[in-house]
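You will see subunit A twice below: alongside subunit B first, and alongside subunit C after that.
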Partner chain A sequence: MSDKTIDRVASATPARVARKVKGLSDRAIAWIFVGPTIFLLLAINIFPLIWTINLSFTNFKANRNREVEYIGLRNYERILGDSDIWLSMQATAHFLFWTLFFQVLIGFALAWLINKKFRGNDLWTTIIVLPMMLSPAVVGNFWTFLYQPQIGLFNYVVSFFTGVDPSSFEMLGSVDLAPWSIVIVDTWMWTPFVMLICLAGLRSIPDYIYEAAEIDRASKLRQFFTITIPMVLPFLMLAVLFRGIENFKMFDLVVQLTGGGPGSVTEMASINLKREAFEKWRTGYSSAFAIILFVTVFGLASIYVKALNKVKER
Partner chain B sequence: MSYSVTEPSSRQKWIAGTLVITYALITMVPLLWIMMTSFKTPPDSISYPPKVMYQPSLEGYVNLFTTRTRVSPERLAALPPPENFAEEIVRNRNMVIAGPSKFGGRFLNSVIIGFGSTFLSVFLGTLAAYAFSRFKIPLADDLLFFILSTRMMPPIAVAIPIFLMYRKLGLTDTHLGMILLYTAVNISLAVWLLKGFIDEIPREYEEAALIDGYTRFQAFYKVVLPQAATGIASTAIFCLIFAWNEYAFAVLLTSGTAQTAPPFIPTIIGVGGLDWPAIAAGATLFLLPVMIFTVMLRKHLLRGITFGAVRK
Partner chain C sequence: MNQLKLASVGALTLAASTLSHTAQAEDLTLCWAAWDPANALVELSKDFEKESGHTMNFEFVPWPNFADRMLNELNSGGKLCDLLIGDSQWIGGGAENGHYVKLNDFFDSAGISMDDFAPATVYAYSTWPKGTPNYYALPAMGDANGWFYRKDWFERDDIKAAYKEATGAELGEPKTQKEMLQIAQFFQEREIDGKKVYGAAIFTERGSEGITMGATSALYPWGFKYENTPGKYDMEGAVNSAEAVEALEFYKEFYKTATPPGYTNSYMGESLDAFKSGQVAMAMNWFAFFPGLYADPDTGGDKIDFFVNPPQNQAGSTLGGQGISVVSYSDKQEASLEYIKWFANPEVQAKWWSVGGYSAHNSVLNADTFKDSAPFAGDFLLAMENVQDFWQEPAYAELLLAMQKRVHDFVVADKGTAKEALDMLIEDWTEVFEDEGKL
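On to the complex of A and B.
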C-alpha cells in the first residue's frame, strides 16, 4: 500500500468513527487534556512575564511599601548606560564563546572516536555522560575544593605536570584565572551533551554514501570534509543552540564556583540580575534587565534558527 | 558480509578506544574525589599533598547527620562510655552529639518535591501530548512553540514576579509552591518528548477500540497508555533529574521548611571552616542515585538528553 492510501484512510476514519463514539466529544476531550497545561504555563510563565514587563516601567522596590510610580523608559535608559551591566555582558560573552568552542571541539572529537565502534563503547559513553546528569550547584561547590591552592587536587595535578608551585596560583581567587576556572568546569560538565548530539548525527549518515565515495576513490580526508562534516553540521548547530541558551542563563554553577568574583570578573548576566533583584532589591530596574536578557536570548536564538534551517535545506 | 569499507580497521578501533577511555577516566576523577573525600577525616581531607591512600573513616557521614558541641576534657571523661560508633568518632574530637542536623529533612524535601513535580508534569504532559498528537487543535504549532519557548527565559528573570506572587499567595517556602513551579518548568519538555512517543503509536489501534464501542477516554487509557509506558517512564526520569538538581529557584524561594538539598549542601560548616568530608558525604548521597539511574537506564535516557530533537 502506498503512503498516500494510508494517509487517506487515516484521515477519513476518525470522522466516520466519531459519530459512533459514546461519551464526550473529541473536541471537549482535547480541551480537557490541553487545558491544565496551558493554564499552568499561563499562571507560572506568561503571567509572571507580563508582570515583569509591567514592573520594568516602575521604580518598585519589593522590600519597601512605598507608592509605586511609573517612570516610563527610565530603567531601560539607565541599564544601557550602566557600565556594570556591560561588564557582565562581556563576562557572559567570554564564557559563552570559550565554553562553546571547547565543547564543540572535544564533543565532536569524542563522538567521532566513539563512532569507530570499538568494543565496550556504549559503557564508556555512559561514563562520559555522568557529569552532565548531576546537580551543577553541588558539583560546582565541590570544584571549589579541587581548586584550593595547596590542598586542592587540581592545583596539585597542574604542579605535578608543570612543576609550578601549587600554592603559587589561585584558580578562583585571581582576576586572570577565574574566568577560565568556570570555563573548565562547564566544559567538563557539558561536553558530553555536544558529544551525544554529534553521535546521533554521525549515526544518521547512511553507510552507502561512504561506499559510493570509496568507489569514486575519494580519500578518507576528503570523505571527512565533504561527507562527515556537512552531514553532522545541522546536529552540531543544534547542540550549540541548546548549550548557547543554557550558558547565557548560566547561574548555579558559577554562583557556587566564584559567586561572580573576584571583584566582578565572573559576574555574568544572571548573577548580576540576582544581585540587583534580591540583594539590592531594585525590583523595577532588575525587571527591565530581565526583559532585555529575555529579548536578547530570544532574538539571537531566532536568527540562529533561521541560519540552522538554511544549513538543513542544503 | 566479511568486508565493508565503512567498518574501521582494528588498529583504528584500538586507538579510538584508548583515547575515549582516557577521557572517560579523567572525567571521572572529580567524581571519584568527592566519594573518596567523604570517607576521609577532616585533617586527611586538607593534607598536602592530597592523600590518595588513607585510613577510611565515617566521620564525614557522622558530621553530615549530626550537630555537635565541644565539651571540656573533664566533662568528657565523666560521660558514660559511647553507645555507638558515631558517638565514639565525635568524642575523639572532644565533642558530643547535640542532635540531628538538617540534612535528613532537606534530603526528604528533595524527594517530596522531586517526585511530586515529576508525577504532576508527566500526568499533565501525557494528557496534553495525546491531545496534540491526535486531535486537530487550533494553532497547535504555535502553542507547541510557545510551550517550548518558555524554557528560554533565565530562571532569575521569572523568579522576580514569582517571588512576589508566591509572597501574596503564601506559597513561599512551601512544598506545594515548589512542586507547581518545577512542574511548570518541566512540562514543556514533557509535552515535547511525550508527543514524540505518542506520535509513533499507530492510530489504528485506538480506532479499532473506538469501533468496538470504547469511549475515547477508555481508548486512551486502555490502548494508548500501555503502549506509551516506556516513553512515559523515560520522560519521568528526566523531569525527576531536573527537579532533583535545580538550584536557582530553590535558593531564591525556599529557606527552611521546603528547602531542597542543593542549596543546603554547600552551607555545611564544621568547626573552624568548611567541613569538606561532610560536604562530600552529602554530595555523594545526593549524586549517587542519579549516577546509578543513568548507568542503569542509559538506553532510555539518550533521547531525552537530546531533547527529542534528534529523532529519526
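On to the complex of A and C.
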C-alpha cells in the first residue's frame, strides 16, 4: 500500500462517494469547497448591500404600511445638504483624528519602553493591555462615574493638580469638554492595542542592524529615525488602519458616555445613522446615509492600503 | 357494574373538564416599562390568574429603552407581547399601522363604557383619530408630570427666615413657575446640615424623551400649542410663539441656575436619586413614582410633600400614563381581551389604586375618600384636569427626536437662541408632516 496522502484519502473514501466524485475536474472540486463560503458571502454581505443601495433611492419606511416610491437621488441630496449630518461628520472627524494621534503617540512610546529589558516587563505588559480586554459598555459606564463632577475621581485628580474646584467643570456635560472626554476614554482603552502592534514591529527588527549601526558610530537618535521608525512604520500604519476603521464607526462607547450630547456635539455619524434607521424609521434615507458612509470608509481605506503597500515595498 | 360505569363516567367527565380547561388556559405576556407600577401590576394580576386559570408573564423594559424595544417589536410584527401597556403617543402609530386591535366591538359586548373613565385619559390613551369614538386601548395608568419637595426643609424656621430675607416672600409650595424657580435658586448651593444642596432635579435626558417631557412642563403653563388650528398642522406662530420662547428660556435658566452639577443627561432615575440622596430641595417626576417616594424611609413620610406642576399664564401639566392594548399579532387575543375585561372591573380598579397603580376609572377618582387616600391624590386629580400631550401621530418618534435635539441643543449645549431652536423645530416637523403627506 502506498504511503502517499492522496492514496490514503482515496482508499478511505466510501465507494458511493467515490463514484459520484469520479470524473469531476479539479476546478469543480474547488468550487464544491468554496461554494458554501461564496453563498454565505453573497447572502450575508453582497445581497444586503445591493438591497440597501436599492432602498436608498426610495422613500421606504420599515414601520409603515404604505406604497414605496422611487425618488431618485433625493435622499442623497437631502443628506449632503443637511447641516446636522455635516456636524455629525465633523464630530466623527474630530474623534477620529485625535484618538489616532494620541493612540499612535502613546502606543508607540509604551511599546518603546516595554521593548527594553527590565524587571517586571511581562507584568507591566499585562497591566497595560487590560483596558482593551474590557467591554466598551463596561468602560463607558465606569468612566461615566469617573467623570461625575461631584463624586468622580477624574475631576478630583484634575483638581489635585490644578487647584480648580472639582465640581466646577463637567467633562460629559460641557460642550467644549465632552468631545475630549470621549477621546480620553477611547485612548485609554485602545492605546494598548496600538502598543502591541508596535511592539511586534520593534521586536521584528534584528539586533544585527543596530549592531552594524553602532559599528558605523551612528548616534541613538539617528538609529531611531533611520532604523526603528522606517522598520516599524508598516506595523504602525496597520494599527492606524484598524483603529481608523473601528473609530469611524464608533457607537457603543460614545452612547454609554454621552448619548451623543450635550446637544449633538458628540453625535457621531454612526449614532446619527442609528437614530435615522431604527428610531425615526426613515429606512430609505438612512440607507442612503449608510451608502455614503460605506463609500467614504471604503475609499479612504483603499487609498490608505495603497500607501501602506508602497511603504512595505521600500 | 353500575359502580364501575359510574366511576368511568365520572373519570371521563373529570378528564374532559380538565382537558377543556387546559385548552382554554393560556400563557399571556404583558409588556410594559420596568418601574414601580409594573411591580404593582404583577401583584394585582395574581387575582386574574386565580379567576381565569390563565398564566400571566411579564416583559418589563427600562424606560430609556422602552419605546425603542417595544416599537421595534411592533414594527416587526413580533408575538412577544399579547398585551401592551404602550405610551400614549404610540396610539396613532398603533392604530394606523395595525399593531393594536380595535376594541369598540369588544367594549360593547363586554359592557365596558368609556364614560366610566376620566375623559382626559380616554382622549389621550384610547382614541385615534384623537377624540373620535375609535378605541384602541383601555386607560390603564393615569399619569402626569408633577413635583415633590423636602417638606422638612421648607418648614424649618432658619430656612424660612433666610428665604424671607433673600426674597421678601414666604417659603411654601410655589404657586407659579417663576416662584418655583426663585425657590430653587434660593436652595442652590445652600448648606443644610453641613451638606451642600441644590435647587431642583429636572429632566434633561437627550436619548429618549426626557428633555421634551421636562421642557413641555414649562411650555404648557406658558400657553404653548402645537398648532394654531387643531388638525391643520399650522405650527408657525404656535410652536414659536412669544410665550413658547419665554417658556423655553425659562427652562434653560432653571437648568443653568438651579440644578446640581453634571445634570446634563438626567431623567426619572436621576431625579429620584438626587432627591433620595438629599441632594435637592425639589424634583420633577411622574406621579407614578410618588407612592414609592412617600414610602421611602429616609426622605419619605413627614419629610416629603407633593405639588402639581405650577401654572404661569395658565394651568398645564405634561401628560404621562398609558392605555392597555391587545397586540394584533398575538395568537391569544381572546384571553388578552379577558384580561382587559377583568381589569376594567371597578373593584379591580379600586385595588389597582390601592396597590400603587393610578386608576383612571371614575368610580375610583370620584369616590369621596379618594382625595385623602394619599398625600398626592388631590394633586393628581388637579393635574389630570389640565394635561397636555405631545403629538400622538404615527410619526411620533420622528417628531419627538427632533424636539429632543432642538431643545437639548439650546438648553444644555447653549446652541443658538430659544426662538431659533423653535423655528428649526418647526422646519423639522414640517418636513416630517410633508413626508407623511399631511402638509
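Keep this in mind: the second predicted complex is superposed on the first by the 273 of 314 C-alpha atoms of A that agree within 3 Å, B and C clash if a C-alpha of one lies under 4 Å from a C-alpha of the other, contacts with A are read in each partner's own complex, and residues count from 1 in each chain.
As a convention for this text, a contact is a pair of C-beta atoms (placed from the backbone, for glycine too) under 8 Å apart; a residue touches a chain by one contact, two chains touch by 3 or more.
Fair warning: this is a prediction, and the values are worked out from it, not measured in the lab.
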Which superposed partner A:Phe278 touches (first subunit B, second subunit C, both, neither): both
Which of subunit B and subunit C A:Phe97 touches, first, second, both or neither: neither
Partner chain in contact with A:Gln150 - subunit B first, subunit C second, else both or neither: both
Subunit B versus subunit C as contact partner of A:Gly173, first or second or both or neither: second
Which partner, subunit B or subunit C, touches more subunit A residues: B
First, second, both or neither for A:Trp86, with subunit B first and subunit C second: neither
Which superposed partner A:Ile44 touches (first subunit B, second subunit C, both, neither): first
Touched partner set for A:Gly259, first subunit B, second subunit C, both or neither: second
Contacts of A:Asn121 with subunit B and subunit C, given as first, second, both or neither: first
First, second, both or neither for A:Ser135, with subunit B first and subunit C second: first
Common ground on subunit A, meaning residues reached by subunit C in one complex and by subunit B in the other: 62, 150, 255, 278
For the subunit A and subunit C complex, residues of the former touching the latter: 59, 62-65, 84, 148-150, 167-168, 170, 172-173, 175, 255, 258-265, 275, 278-282
Parts of subunit B lying in touch with subunit A, wherever the complex brings them together: 4-6, 8, 12-14, 16-17, 19-21, 23-24, 27-31, 33-34, 37, 45-50, 124-125, 127-128, 130-132, 135, 137, 143, 146-147, 149-165, 180-181, 183-184, 187-188, 191, 203-204, 207, 210-211, 213, 215-217, 241, 244-245, 247-248, 251-252, 261-263, 265-266, 274, 276, 279-280, 282-283, 286-287, 290-291, 293-295, 298, 301-302, 305-307, 309-310, 312
Interfacial residue positions of subunit C with respect to subunit A in the complex: 68, 71-72, 75, 93, 97-98, 205-207, 260-265, 394, 397-398, 401, 405, 408-410, 412-415, 435
Contact footprint of subunit B on subunit A as seen in their complex: 10, 13-14, 17, 20-24, 26-27, 29-30, 32-34, 36-38, 40-41, 43-49, 51-52, 55, 62, 106, 110, 113-114, 116-122, 124-139, 141-143, 145-146, 150-153, 156, 166, 188, 193, 196-197, 200-201, 204, 207, 210-211, 214, 235, 238, 242, 245, 248-249, 251-252, 255-256, 269-270, 273-274, 277-278, 283, 286-287, 290-291, 293-294, 297-298, 301
